[in-house]
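After this come two complexes, each holding chain A, first together with chain B and then together with chain C.
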Partner chain A sequence: MPLAQTLRMEERLANEGHWPVWLGWIIVNRFQIVYYILFLPHVLIYPYMIWIIPIVAILSHLNLRVLSIWLQTQEARLGQAGFTQLLGGFAVRLLAFVGIGVILMQSSILTLSYLDVVHQTLFPSMSKVTPLILLGLASFYLARLGMISVGNFAILAFVMSFWMVLIYVQFLLPQKAVYEHLFPIFPQNVPHHILSNLLTVWAAFSGPEYLAFAGKRFAATTGLFRWLALGNAATALEYIFFFVITLLFYGAEYLQKIDLPVVQIVRYIELPFFERLEMIMVSNYMILIIFMNALFIHYLYNAVRTVANFVHKPKSALGLTVAAILLVSFMYFFSKYFWVLESEQNRWTTFHLWVSGATYAVIPSFLALTAYLRNKRRADK
Partner chain B sequence: MDMHWLTKLLASIQREKKQQIERKQCEAPPLSLEYMKQAFQNIHDAKTIEINNEFIGKITLFYIRSLVDVRQLQEFVIFPLQHASNPSLRKTVSTVELNELNTAEEAEQAALKGSVILHAKNRFWSIILPNSISRAIETSEQESIIYGPKDSFSEQIDQNLTLIRRRLPIRTLKSEEMIVGSMSKTTVILLYIDGLTNPELIRIARAKTAVIEYDTFLDTSHLAHFLEDHIYSVFPQFQQTDRPDAVVAALTSGKVVWLVDNTPFALIGPITFFDLFQSPEDYIHRWLVASFLRGLRFFAFLFAMVLTPLYVALTMHHYQMMPIELLYVLLESRSQIPFNPFWEALFMLLTLEILKEASLRMPSKSGQTLGVVGGIVIGQAAVAAKIASNILIIHVAVMAIASFLIPNYLMTNSSKLIQFGLLILAAWLGMWGITLGLILVLIHLHGLTSLKQPFLSPLVPFYVTDWKDTIVRLPFRWMNQRPAYLNPLKKYKFSKRK
Partner chain C sequence: MKIMIVLAMAVLLSGCAGIAPKTNLIEEITPTILLYLKEGENSTVESTMVVPAVKEEKKQLLTVRSKMMKESRYLLTRNYYREIKSGQLHLLFISEELARKGIIDHINTLLLDQEIKTRLYMAVIRGDFVSYLQSQINRQEGIDRFLYKMFRHYEKKGDMTIVDLHHFLVNYYSPYSDPVLPIFTIRQGQLIYAGTALFREDRLVKSIPNEEDYIFQFVHRHQCFHTNIPLPDRNIVLGNVFSTRKIRFADRYEHAIVNLRLRGIVEEYTGDKDLSRPEEVADMIRDLERYLEERIHEHIRDWQKLAIDPAHIGRKTLSPFRQPFSGSEWKRHWRELPVTVRVELELENLGWIKPEKQGPGQRVG
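And then the complex of A and B:
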């Protein structure tokens, strides 16, 4: 009878272990909320905008269905070899090259946005370089345990971050909650910027597309959709919850005037021993950033190996270290030259929004369609 | 055809091994009386007795007096041999076990383990008659409990095995003897329940013990250092206990246990992080009380690690986190302290550790006095001399008491080290630094294994059934399954369900 044996560090990189199927819901949920939980309520302002969340959640649900169809294909289960079979060596290398850019940009914007919140909430006078390097080191410390362990770390990230939601429950109750703020629940006129809001919320549901490249990591893919859908539903509920509490507490008029409403609202909680609980919550949020960056290091390492045509060589600790250094160096230079002015930051945030939305929409359908056409062609022959 | 080269390679390796064994046998000196006398020369208590009996002939007994039970030797060996009335040795000394010896090395080892070497009719035998010096079975000092069994292990491995076998009178309780230490020749017994413990686990334990190479093993912890998967970790990866009931509980849950000769502690593996917070008393209390106490221990562990770093973080970086009334009290308390909070806390923590270490090394009565002098007098004096604030003294005292709630002493010491790390991070990066430190500890724990099994189980990997006996302890009736992470061959504890 086999044991769930875990391996030493040097063995872990070569380990072809698996994630249990149910882990899918935690990974999807944490992937989705990692970035937008801090910013989303600032985008959604008026009560009637609440309907955007379930509408986009349904679209996301359908997209996850497509993703799970792709993950069930033989090509997805084969990993790198499957992609080569499907698209050909050159196309895979080309897409991996594009992927390197996307990973570097997304992880940099994610990390720097978080560090901005840290800077604003905890250390207004401190340089961002030190926490940036420390976050990179912590992510690498996790990444060195191997892809399987990083995936399993989602459970810890969930346990360590989900409790924060409970802190906000008091804002649903009277005294703090003003229920009139929930009206009008239906728009009285044709709402403006509806498309841009839809795009933002769609981007807020992005993240699971990275699972498209981790098909072989799951122990099985039958029944995977159920779990992915559960994660998506949990995200939708969290988004609705955060939108409702900020709306009930601030009201639409004030909500559009403040930055980071989900963070700011915690300031109003007073305990006998502590105030300014947002300092604890923002610090605690770091676990999600470390988890995401650890996964990005692995994705980056695999993408670089594909581009450099090193996929047939065994993975090495040195290679992973180089990938981590590349990621942190890119973040550093990005923060130094492209993330200085607020206008630049806004531009990059919009760019991130578009890229996230596009990758989430395109990757699952593209892969599922290509696999379908290939298999159909093969069947016709 | 393709595998032909492999077959040849394996055959050549086997040939080489056979030749090596033969070479060793050729090199080994022949077993003789002269050899034995020469090997044990300059050992003052190595004795030789010659007996002449008309039926058996000349008999020589060779033994080391300090290792042999002389009274038994006289009664069961010398007297019967002197008065033998037939030529059969086995019939003459029928009350003791005779084992024939073939090599000089075997004879040497047997003599050094407390056997009498008997030479007669050009053949050698060993008679096991060890001098059983042992203290009485006493109450456990390390894991004392109010209710429940009081007996604990002693330094005698056979006696320890007896205490276990009395609680587990089943033939499937297997005990494999191994010798470790090129000089200490320490006997190690690997215990497991056949048909219950996962064979893969037994294989790993056996393989890890077999490859140990070191000269001296004086304690169970020495063995643990060689068995652990991660030598750079501060966390203990095996559980050491001197309680037979704890060993039996581990065996019946599907774990393996090592008994080491001349030490009263057994080694249990694999363990998880959560096992380190469990006490045998948890299974004696009502389940609600036991669950509350367990929860309290986890809280105390976190509290002991974080409390002082939190004080430093708040006073150095985030004073705005304190309510204004509390802030006034703190400012007044710290107003005349010349050091910043980090140095103040570091000084007090080091003083506390010095006091704790000193009271451990002192005789028990002096230790108590030292505790009182240290705790009250030095604390008061530090406040009066304005080198520490009284709020910090309260913090440190509460933290010290909280750390005593952790049942595993090795774990308590590990948390101290982590605390100092968190203190530095708190001084440097405040709350963010403490959180970073805790996340690093979590990642470290996530990567740890004990006997190659995940240390954070049943959290990661997640085993829902194991949560019945992790942070809470549910009623016995509900705990019908053995820990899933151990993958035991018998999943259920109840005999009705296989």
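And then the complex of A and C:
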């Protein structure tokens, strides 16, 4: 025990262990669920849209297959050095530079959307900056414990947030549920907005692509795919469940009018000893945001190191702190200048859906393909 | 450490308090549970609130007149020494005149308010509710709570129409149904359940009187238990009635059939049939069935004339694979749709003790 206490930051970062393989499914599942769960039913609206979720889940399943092929290559297991081997130093630095932008953008938009929910439903009189800073501090604290702890934290995030599904089970029962709201479950004529909905749901399944850079963190990568696929399936079930209950409760026409059905539906629950259950529920989702941002702080730190060519120097606590400050201050300025009007927010959200949809589609296949080509070339020689 | 605690206790217990001892936040706000909206002059709305008592004060009624809903809360707060909070709002009463003009604007404001939950019971009031509340508050302080308990009780039991904000809006937005609300009358200082108010969109168009409210309950609910169904026209009171309603469509949705199965007992009978003779009982049952069928059919015709579908029969046209009518098509189709009502009455018991009647010879005890 004294050893663990005296371990300094550098040593802790250097002596990191590994994630067990089964952690894959929890990380995938929680990373996909983050925030999307709150508004997805509002996007889908019509009963027949339910088919989009399994269709996209299958596509995502295939994509995870590609991801696990990449993760099994030896380049992926090498981490930073592997990328340099694969793409060359300059390309890696260029891509890392783009990655910084993507990470900052994604984490800001997801965090700020979540904070808006907090602001609207829980603390309308509180400044939006306070929870932002508190969230940043929590994520930083978690990030400081090292990448392995961040990964293990996914278990906590799962335990703390998954039980909330149980609250919603009552909405499947009559009185509250009107089963006719689910009909007709097959489209009667040519459905509209199907492409934009496909994109949204695809983006809602995004997130696991960040595991592509964490290849060396897993204890082993054989059998990893099965766990990733399990996480993906759990996400699909969760999305379907939430879509069905909101639809049963509201019906398509009413659902259109409600921005955050998953939050609003909780307001209907009445417990004899407690009201306003959404207070607990909404703040519980914070744990997912903390998990996500802690992971992003590490990624950001690594990306900055790569761009600045500091890869060979040892990791330091100071560097991580700087990365965290960079992330939080970017969020702050972003929220101050670009995230004010609702129309702006909607534009950014659309942009975000495109970006995360694109990264999820491109990163695994790109990496797997380059690794395949390189190995083939080597074999030919 | 111990000395510190003793010192702290000494200070706390010394009673050196100011004029206003520190209060909890809950004592500085007024979470109201009852709101009454009435039409005022010049398209304004009069909002009346029962302000709860904290400690030794008395309950009060506050009324303001305003053009908009939230303006009323702003005014109410400034009219009172505590801040008005609506987080505990559980009852919303609307005057009949206002309901006839349309209420969706007021309701939407409530829906958007994050403090207010959608489990907010609503009712239409006919009569002077403010003076009723005033007189009740003087007599029994907890009137707002008692009313809330009444709504809760009947929501579970299901004898009356009890609607909350959520259900109202679900039926309002759905093209296959129209909302309803219970209606209460103030008569001689009493609040009386007076049946069901039927809405087209957000406007009250008709109300079903209390005496025939059971008809609405039969058709409106898939299954329902009724403690008593008095049918004074037929000299009978049915008891413990369990009703099951089924709606079918025939001839490619050109014909609707409402099947109603009632199972219950005879609770009271003052007619001149001899209930110990099976053929007379069968006669009576047939007569009752015809009677109910006619009454129900009359009501459904009424709804069709008004182009409303309060019993959401339209929902039943939907099936997993088919949507024969879009919302607007259904509204047109419903007005002209022939409806057949079939009632099946099963009397499990004709009363435990057969009354011995002094008739002209034909009755055997």
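Assume the second predicted complex is superposed on the first by the 370 of 381 C-alpha atoms of A that agree within 3 Å, B and C clash if a C-alpha of one lies under 4 Å from a C-alpha of the other, contacts with A are read in each partner's own complex, and residues count from 1 in each chain.
Please note the rule applied: a contact is a pair of C-beta atoms (placed from the backbone, for glycine too) under 8 Å apart; a residue touches a chain by one contact, two chains touch by 3 or more.
Keep in mind the model is a prediction, meaning the values are calculated, not measured.
In the superposed pair of complexes, A:Asn284 makes contact with chain B only, with no contact to chain C.
When the shared chain is aligned, chain B comes close enough to touch A:Tyr141, but chain C does not.
In the superposition on chain A, contact is made by A:Arg276 with both chain B and chain C. With both structures placed on the common chain, the touch criterion links A:Phe123 to chain B but leaves chain C unconnected.
Taking chain A as the reference chain, the count of touched residues is higher for B when chain B and chain C are set side by side. Touch criterion not met for A:Asn309: it reaches neither chain B nor chain C. In the superposed pair of complexes, A:Asn152 makes contact with chain B only, with no contact to chain C. Within the superposed three-chain model, A:Lys257 lies in touch with chain C and out of touch with chain B [touch as defined at top].
Contacts of A:Asn346 after superposition on the shared chain: neither chain B nor chain C is touched. Shared contact residues on chain A (touching chain B in one structure, chain C in the other): 270, 275-276. The part of chain C that touches chain A in the complex is made up of residues 87, 114, 117-119, 166, 169-170, 173-176, 222, 315-316, 318-323, 327.
Interface of chain A with chain C (complex): residues 120-121, 124, 174, 178, 180-186, 188, 250-251, 253-254, 257, 264, 267-268, 270, 275-276. Interface residues of chain A facing chain B in the complex, by the touch rule stated above, are 1-9, 20, 118, 122-123, 130-131, 134, 138, 141-142, 145, 149, 152-153, 155-156, 159-160, 270, 272-276, 279-280, 282-284, 286-287, 290.
Only residues 198-201, 229, 317-318, 320-323, 326, 429-432, 434-436, 439-440, 442-444, 446-447, 449, 452-454, 456-457, 459-462, 485-487, 489 of chain B touch chain A when the two sit together in their complex.
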